[in-house]
Structure formats: structure tokens, C-alpha cells
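A short worksheet on the structure shown next.
By letter and in written order, the chains are A, B, C and D; residue numbering begins at 1 in each of them.
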Amino acid sequence: MVGLQHRSRAVTGAALRADFPVFERPTASGRRLVYLDSAASAQKPRAVIEALAQTYAHHYANVHRGIYELSVDADARYEGARRSVAAFIGADSPREIVFVRNATEAINLVAFSFGRSNVGRDDLVVTTELEHHANLVPWQQLCAATGATLAHVRSTDDGKLDLDDLRSHLERGPKILAVSHVSNALGTINPIAEVTGLGRAAGATVVVDAAQSVPHMPLNVAELGADFVAFSGHKMLGPSGIGVLWGRRALLDAMPPFLTGGSMIRRVTLDGAEWNEVPWKFEAGTPAIAEATGLAAAIDYLEGIGMDGVRAHERELFIAAWSRLGNMPGVRLLGPDDPDEHAGVISFVLDGIHPHDVATILDREGVAVRAGHHCAQPLMDRHGVPATTRASFYLYNDHDDIERLADAIVATQRVFGTA
Amino acid sequence: MDNLYRDFILEHYREPHHRGVLDPADLSFADSNPTCGDELAVTVRLEPDSGRVAEVAFDGRGCAISQASASIMSDHLAGMSLDELRAIDPRTVLDDLGVPIGPARFKCALLGYKVLQGAVRGAMTDWPEEAEVLGDASAGGSSP
Amino acid sequence: MVGLQHRSRAVTGAALRADFPVFERPTASGRRLVYLDSAASAQKPRAVIEALAQTYAHHYANVHRGIYELSVDADARYEGARRSVAAFIGADSPREIVFVRNATEAINLVAFSFGRSNVGRDDLVVTTELEHHANLVPWQQLCAATGATLAHVRSTDDGKLDLDDLRSHLERGPKILAVSHVSNALGTINPIAEVTGLGRAAGATVVVDAAQSVPHMPLNVAELGADFVAFSGHKMLGPSGIGVLWGRRALLDAMPPFLTGGSMIRRVTLDGAEWNEVPWKFEAGTPAIAEATGLAAAIDYLEGIGMDGVRAHERELFIAAWSRLGNMPGVRLLGPDDPDEHAGVISFVLDGIHPHDVATILDREGVAVRAGHHCAQPLMDRHGVPATTRASFYLYNDHDDIERLADAIVATQRVFGTA
Amino acid sequence: MDNLYRDFILEHYREPHHRGVLDPADLSFADSNPTCGDELAVTVRLEPDSGRVAEVAFDGRGCAISQASASIMSDHLAGMSLDELRAIDPRTVLDDLGVPIGPARFKCALLGYKVLQGAVRGAMTDWPEEAEVLGDASAGGSSP
């Protein structure tokens, strides 16, 4: 088996699949599931599912307001999860960790709270052509509401950020630079420390969409140089319904609240309210209590492997898949070909076959991939395709999966008579 | 392999019927599949006297399912009145397509239908309800 | 055992506790847990915990965009949960069900999206003195942002809405009337159909905070007469992280989106976007996928008992507790005494003993209650107390729990030398 | 029953030391416990020459723990300089209280301390970090 020979770490790939119950699921093809859609959402290890069930079964109560033991227990676990997240990304303090639903809400929170109080009609907001809609549409809305101008850093033909274009945008002194660390649509890894450095040097507040990086590589906010970082639990083996906004303490302190209601207040009268301290100021109402503990379990699991190991494994799979698919006739690959600039996400197009049809036939072969615009329509427009097929890797994938993918591509080409 | 990509589907995909743009046209509309960004446009010419469809043409890019579905549907439209167009049942469109369509390809299979409804009504219409068209059991969301 | 004798339905109280693993948890008191804090959040039956685990283990993928079987399966379950919710509250269509995090987010969504596009500086927004902060602070913020005026319907000494005062506010033609169905702080059941009828007759858009009613009594939005209804999954045996906004289709269709990003768009270019259909227009990013399926399981569980049965059980417990506690010296009860106007939520004050101290000593006796302002500071101010102790019932409580509560109150009074 | 509601706690609760409002005062501040809305105010009179605490008084409503804690602390304040007040370690306040305080009553036990810090700094201060004061194991959130 190709997969077993090439795997560099015993702890990744096939050996880990036993931890993920989904791989017990039979597929219509009769073969084991090859799950290549982790960029959309990751599968869950038993440890995460168990942690959730444990919380609900024996440690559940509302948080933040209870005096009885069960609620103190629930609160300690919820706030303990915040400390886990803070440690995982190297935050100075758990106070800088705001729990939200997902990366999308995290970015909206910044656009509404920081944006509407700091951006005016003469200001400039800069995003890039590489962004997921989550890091684009909220800024369009901010600019529409405030009259500010939105500009986009160009990308190159091989899907990289055009740093010269970034520099020239920065010369105009934008208030906000919103940029992704890793593109979900093309897999591009941006030179993020350089980008944040340039952005902050130009006086911009830098918002990093780390939805595709935190799950897949070491990330340390102390070194990153960003002001805000957004990511989702569900892409990093954690539950759905929980995501994270990290922000610099001083910024969070100065920002007005976004959603309002219980827990986020210090004192309320009929006519007005004073706000609680951060991060609770930004967590109105009952949060995703158990889901936070599930996210902490996911972090434990990832730390058990080591984020360096996760990244190394995906880098190796990328190299193998890029050369395997790149050598197949009728297959066009998108994005940079340097493995240091490309995460474990491969977007491709088959000549004469629409990505939806590719994904359908791959599915019949037991290979789960995503087809579509990957919530990055402007990027698709930029590359002149309506959509692509995307295979994305995580720690439970291996070289065998790449062979299954390659075989299924051939099968697709046979159906369409292009092979 | 395949009960979805039958030969006639692939033939319609490669050589769709009633392809192109009518100019001038009495009705026209364009819409897209939010999942993949596929865009399809329709132009319709009506008989001056009866107001019935004289000619119809689809134009755009898309997958085999959406192209074949529009192509097959286009063969049935000539001679229909606007009321008849409006009354087309999306279930009939799926039946005419003749291959099993599940939730995953629901929008692909009905993009042509939706664009045609937009042309007839002169305005964007909602996607048909999956639960109604496919039956509750197989119905998922109809969002991108 | 008192509990067993008085219970009117075999399906409620002690018999059901076996379905809830939390009751296996030992307490510091050495006695079984008496959980009287369901108004803050409900405990979870095994069926809900199992449904969540099943979804994560075998049916999990991102929704809305996938072509492979696993994602079609996940999507069908997520959208199936929407249909369950719609059926449970009698909505015309699942399209009227927007999944949010909690009741708080649901109300904020209305305040931001409907509010900011429909309320201007000459307009009036009316809430009541009975509201949870979640149905008060978002309206304060709306009025602060738009210059509109906020007014509050008075409550009576026994904690009921003053309907005459409501009428006189309505004569001023408010744009929005935001009112709770059941008060979480006092247990008051408002005559909600009458209130919504008056509100709509006066031309107001009526927002009902049903966080404390949907879990505890039959509620049918077709009969309710409201325009928007908000509630939380976690208070109705469901997971944390999922809540519901119901809205009339025509209103939802006409509203601008709130959070923006993936899934909620029809088409995006670098400079602008068109929105998806409802309800997806309001669900930006990856939703609480598995949590929705857990909520559906909670609904199944509740329907297995019947909401009439749940309400009857809590009504019976209310009557018993109200007379038991009301006859104890040094105990002051708040709220209406008519069991038709009072849900299974009893707020009380012990002479000379602060509610926090009460809750601490009750906890030592294995009785979990809430002490504080219950996110209703203005209501506490109104009744001249900083805080109360609150015992709230659900289907797993019984008469034995009331005895345990009464005994623990006596123990508290002994510690403080007031008994 | 009880290691929390020891007799001296209840005595301080019933007859708190240094109770009332100093008028005029050199420093004053009020704050509340967000969980229950309990409000506590402090007024401080300083020695004109040394700038050290001459007299302090607490006023407000609250639970046994918050009242006893402020009362016990108030006995230690006379003669302290502003820098010394500022340097008070919340752990010492809990030690002086002399009963075991967990996360559930953390804010009750430190309300007096927090109000005093507000008076010294002339501005609202954050609650001390539970994790630091109580040690990580028992720490939960410090939010209402």
C-alpha cells in the first residue's frame, strides 16, 4: 500500500482513522470512505464526541451566574476551555478569547463593533481577491454603511497575494486590512507575518482570517502581529456552533459591545446599561457551553499529535498529490506549486467536465470532495472558472487516499469519454 | 457505471438543443446556481397573435445535469402559453430528465426551470421547495 | 414519599429522572441532586446526548454545499431539524425558522435587521418592566442608534403586566412591541394572545420572547398573533449553542441580512453581493449543525410526553410549592398567585438572609437553585429587592423536590438564626 | 453546619464594622456585584499631613460574605498609605476572611476590595482574575 510506505509519522493517516467513528460508515461504493473535505469541516475523534457527551451527562448547567456545585463545575469547564484556546494560540490572556459561533461571526463582530466605531466615510478598508465570502461581505457591508471605500489586493495567476499591490494599497493608509492566512479555495499560504507587519506599519488594524490555518499548522498570535484573529472550532476537530475571536486586549476593551442581553452587562436600568469586562462583554446570552468543552477536547487531541506533525503530514500529502494529479492528462491544478506556500488543499478542474459532475462521480467511488465556488466567487471569477473541485487533507488522510482520488478521477474521465 | 450519467444525458450535455441567444426576444432572464455560480440565461420569442412560445433558447455554462435538463425541457416549450409555462410542475421537469435526482443535484436539475420561471414572471423567483418536489424523506436544505 | 403520591402523570417527575444521566451525579450533601434551575438551563435526556453523538459519529459534514452522501445526509438532518421545529410551534413553513445561537441572538437579529431598517428617530419602541435583559438591552441599543424613544409598560405589585398601561402606550402607535410570554424572574404568564392582539391592532410589529414558554407549555405561532418569536434550545432539553427565531415569511423576506458571509449569499462580486432566500439569508457561515439535530431529538422527547402534560405537571408543582413555601414563616413569595398566570418558576426572598447565602446553603443540601437578579435588574428594582432566590421546575421534578426545598429553607434559616 | 457561615461571619454580617458614609470624604466610590446587583459604597478620609487613611466607611447592601469581608478588611485600613491600599493583595483579603471561598462566592468576597480599589484609583477597576487569586484548578469565569 502506497499510503503505508510513504507515511512519515506513525501517528498520522490510517493509524489515526481508528479514532474517528465516521470511517466505520459504509459508503454506497462499498469501499471505505475517503474524506477529502476537511477544509469545509473536519470529522470528529471519539475523544471530542465523548467530551461533549460527558459534559451534557454530568457537568451541565448554565454558566456565569450559578452558585450551586453543578454550575460552578460547568463554569470552570467553560472558562477552562477558554484557557485551553488561549494557550493553544499563544494568547497573553484568556481575556483575549471571545467565544462566538464560527469564524464568520468573529469577523462580523469586528466589522460591526470595531468597524462601525472606527471607520468613517473618508476611510479605506482593504481586503484581497483571495478571501472567503466571510472575510469579504462583512467589509462590503461596513463600507456600505459608513461610506468608506473598499479595495482589494490583487492575486497572481498562481493564486498568490500580489505583495507589490498590497504595498501600494497600504500607501493609501487603510484603517483596516482584512486578510486570510490560508485560502480555502486554492490552498495558498500567505506570508502572513510579513503581511501583518506591513499592515501595522502602515497604521492599519489587521484582521486575520485563520479559519484554514489554526486547524492545520502552528499559529502563535504573539508572533503573528495581527490585531484580530478569527477561526472556527468545527474545522479543527471540534463541535459545530463554536468559534473564536482573538483580539488584542486594549482593542477589545475599547470596543462597544455587539450583541446585547444577559451576561454581557454590569448593570442595567430601564433606560440604559453598563457593560461587563471582556471577553464577557461580547458574549451575550447563554453561550455554546458544552461545545466549548468539546473544542478544548479537540485541542487536547491536536496537541497530543503536535501541530508541527499535523503540518508536516499535510505538506507531505500535498507534495504527493500535487505530483500525482499534475501528471494526469486533462487535470488542471490551481494555486502555487511550492509546498511551503500551499496547504493541504488542492483545487482542480477536469477538462470538459463540470466540477459538480466530478464530485458526483467521485462520491460514487467513495471519495468525498467539494465542488463549487468554495464561498470565493470573486476568486473563481479571477481565475476564469465558475467552480472547481477541491480535495483537502487532514491528519486522518494518507497516501492511499490520494490513490483513491486519482483512480476516481480516471473513472470520471471515462464516464465523460475524456480519458 | 451509471444511472445518472446515461448516454442521452451526456449527449444533451455535449450538444444541447435550443442553445443560444434570441435577439430580439420577448422575454429574457438569467439566474445562477448559488452553489457553483453556474449561470444560465433564457430568451423566448412569442407568436405575435396567440402569445404562445414560438422559439426558446438557453445560453450559459453548467454541469451535465443542468445543461441536459434545460435542453430536454426546451424541446417541450414551443406552442405553450404563458399560463402553461407558469404552471409547469418542477416534478415533471425531473421526470422528463429521466434520471434519479437527489438533493445534491436538485438545483442543477432545476436551474433551467427556474430561469424560465423568472422570464415568465419578469422577476427572480425562489427555488422550488425540495421537500415538496422530492418528497420529505430525501429533502435537505435548498441553500448553497 | 410525597412525590409519588401526588404525581398526576406517571410519565413525569421521578419516573423521568432515569432518562437524565445528571441525576446519577453525587452531590456534596450525599443526597440525590434536586435540580431547580431549569429556567436558567434544562438538563439533557440521554436521547438528546445520544442524538448528538450519533450525528458527530456517523452523519457529520458541513451542510448546504456538499454533493457527497455524507454531506447530503448531514444536510437532510439539519433541514429536518428545521422542519421539526416548524411543526413543534405550528409554523406555516420551515422557511420561517432561522437557527441562531440562543434567544438573545434571535432578538438582536430582529433589533438589528428589522429594527435598524424600520425604526427612525420619531418612532417609539415599547417593552415592559418584566423583561429579561435579552429583551430590553437590544431595544435600548436600537433606540440609542436611531434616536427612537423607548418606553416600558408598568407591572403590578404582584408582578403582572399592567394592561391599562399597555393600552395607553399602544395609543402612541409604537413601531415595535417587545414582550415576554413568561417572565423568567417572577414566573408570570402574560396573557400573550391578548397582548399581541392589542399590539398588532395598534400597528406595532410584535416580538415575543418565548424563551420561558416554548419549553414548558404548548405554543402555536399561528394562533399567537406575534410577528417574531424567539427561544433557546438549551432551555428545552436541547443542546447549548442553538436557538430559534421564528418570523412571518413576508417580514423575513423583506428584511436585510444581519451577519454576512458564506451560505447567506446568492452571488458575490468584489464589490457587492445578492442575498440568498430565507431562512438561509440569516444563517451566515457554518451553523450549529449537530446541535440542530440535538434540538430535534429534544422536541421528539417533549412530544413523546406532550406539552399539555408538561404544563399540567408544572402547574401542579407550582400549586404545591406555592402553598408549601407560602406557609413557611419568613418566606416572601413574588409574582401572581393564580396558577393560570404563573409558570413553574417561584422567586422568593427570606427575611434577613441574602439570596446568595440562601443558594449556597441550599446547595449544601443538594438543592440547586439560582440566586441573583435573573438578568432582570429593572424588575428587581421595581420590587425593591437587589435579588431573589428562584426555584424553577421541569418535567423531571416532583413533589419530593418541593419537600427537599422546604427542608433546605428551614436549614438556611437555622444557620442564620431566623427560624 | 458550616465552615462558611461561621459565627464570626454572621456577627460581622449583623453588625458590620466601619459602617456608614463619611461626609465630607477625601475618596469615595461605589460599585456592584454584577451577579446579584448588590451595591457597596466606600468613603475614605485621609490624614491631612501624611495622606494616610484616617477613617473608612462602607455602606450598602449585600450577602453575609460580602458584608463580612468588607467589615473585616475595614479593620485593617487605618494608617495605610494610598500606595499600600493599592498594593493590597486580594489573596490577603480572602485569607483575612478566614473561610473557604470558591468561584461561586469569589465576587461576593472581593466586592469590598474592588470598591476600595476604585476609590484609590478614582476609576472602575476590573475584577481580579479568579484563576490567579484562587489558583487555576478552581477557577471559573468571573462574569455574571
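Rule of thumb we're sticking to: a contact is a pair of C-beta atoms (placed from the backbone, for glycine too) under 8 Å apart; a residue touches a chain by one contact, two chains touch by 3 or more.
As the structure is a prediction and not an experimental result, all values here were calculated from the model.
Distance between chain centres (mean CA atoms), chain C to chain D: 35 Å. Inter-chain spacing, taken between the CA centroids of chain B and chain D, is 73 Å. Computed centre separation for the pair chain A/chain C is 32 angstrom, with centres defined by C-alpha atoms. Across the assembly, chain C contributes 65-68, 71, 263, 265, 267, 356, 360, 371-372, 377 as residues in contact with two or more other chains.
Within chain D, the positions touching two or more other chains are listed as 35, 37, 104-105, 144.
If the chains shown are joined wherever they touch, the resulting network has some other arrangement, not a path, ring, star or complete graph. Taken together, the chains touch in the following pairs: A-B, A-C, A-D, B-C, C-D. For chain B in complex with chain C, the touching residues are 32, 34-35, 37, 102-105, 126-127, 130-131, 136, 138-144. Across the complex, chain B meets chain A through its residues 1-2, 4-5, 10, 35-39, 61-65, 104-105, 108, 144. On the side of chain A, the complex with chain B involves touching residues 353-357, 360-361, 363-364, 371-373, 377, 380, 386-387, 411, 415-417. Partner chain B is touched in their complex by these residues of chain C: 63-68, 71-72, 75-76, 78-80, 82-83, 94, 263, 265-267, 276-277, 280, 283. Chain A contributes residues 21-22, 24-25, 27-28, 33, 35, 37, 40-41, 43-44, 46, 48-49, 52-53, 56-58, 60-62, 65-71, 101-105, 107-108, 129, 132-138, 140-141, 150, 152, 232, 234, 239-243, 259-263, 265, 267-273, 284-291, 356, 359-360, 362-363, 367-372, 375, 377-378, 381 to its touches with chain C in the complex.
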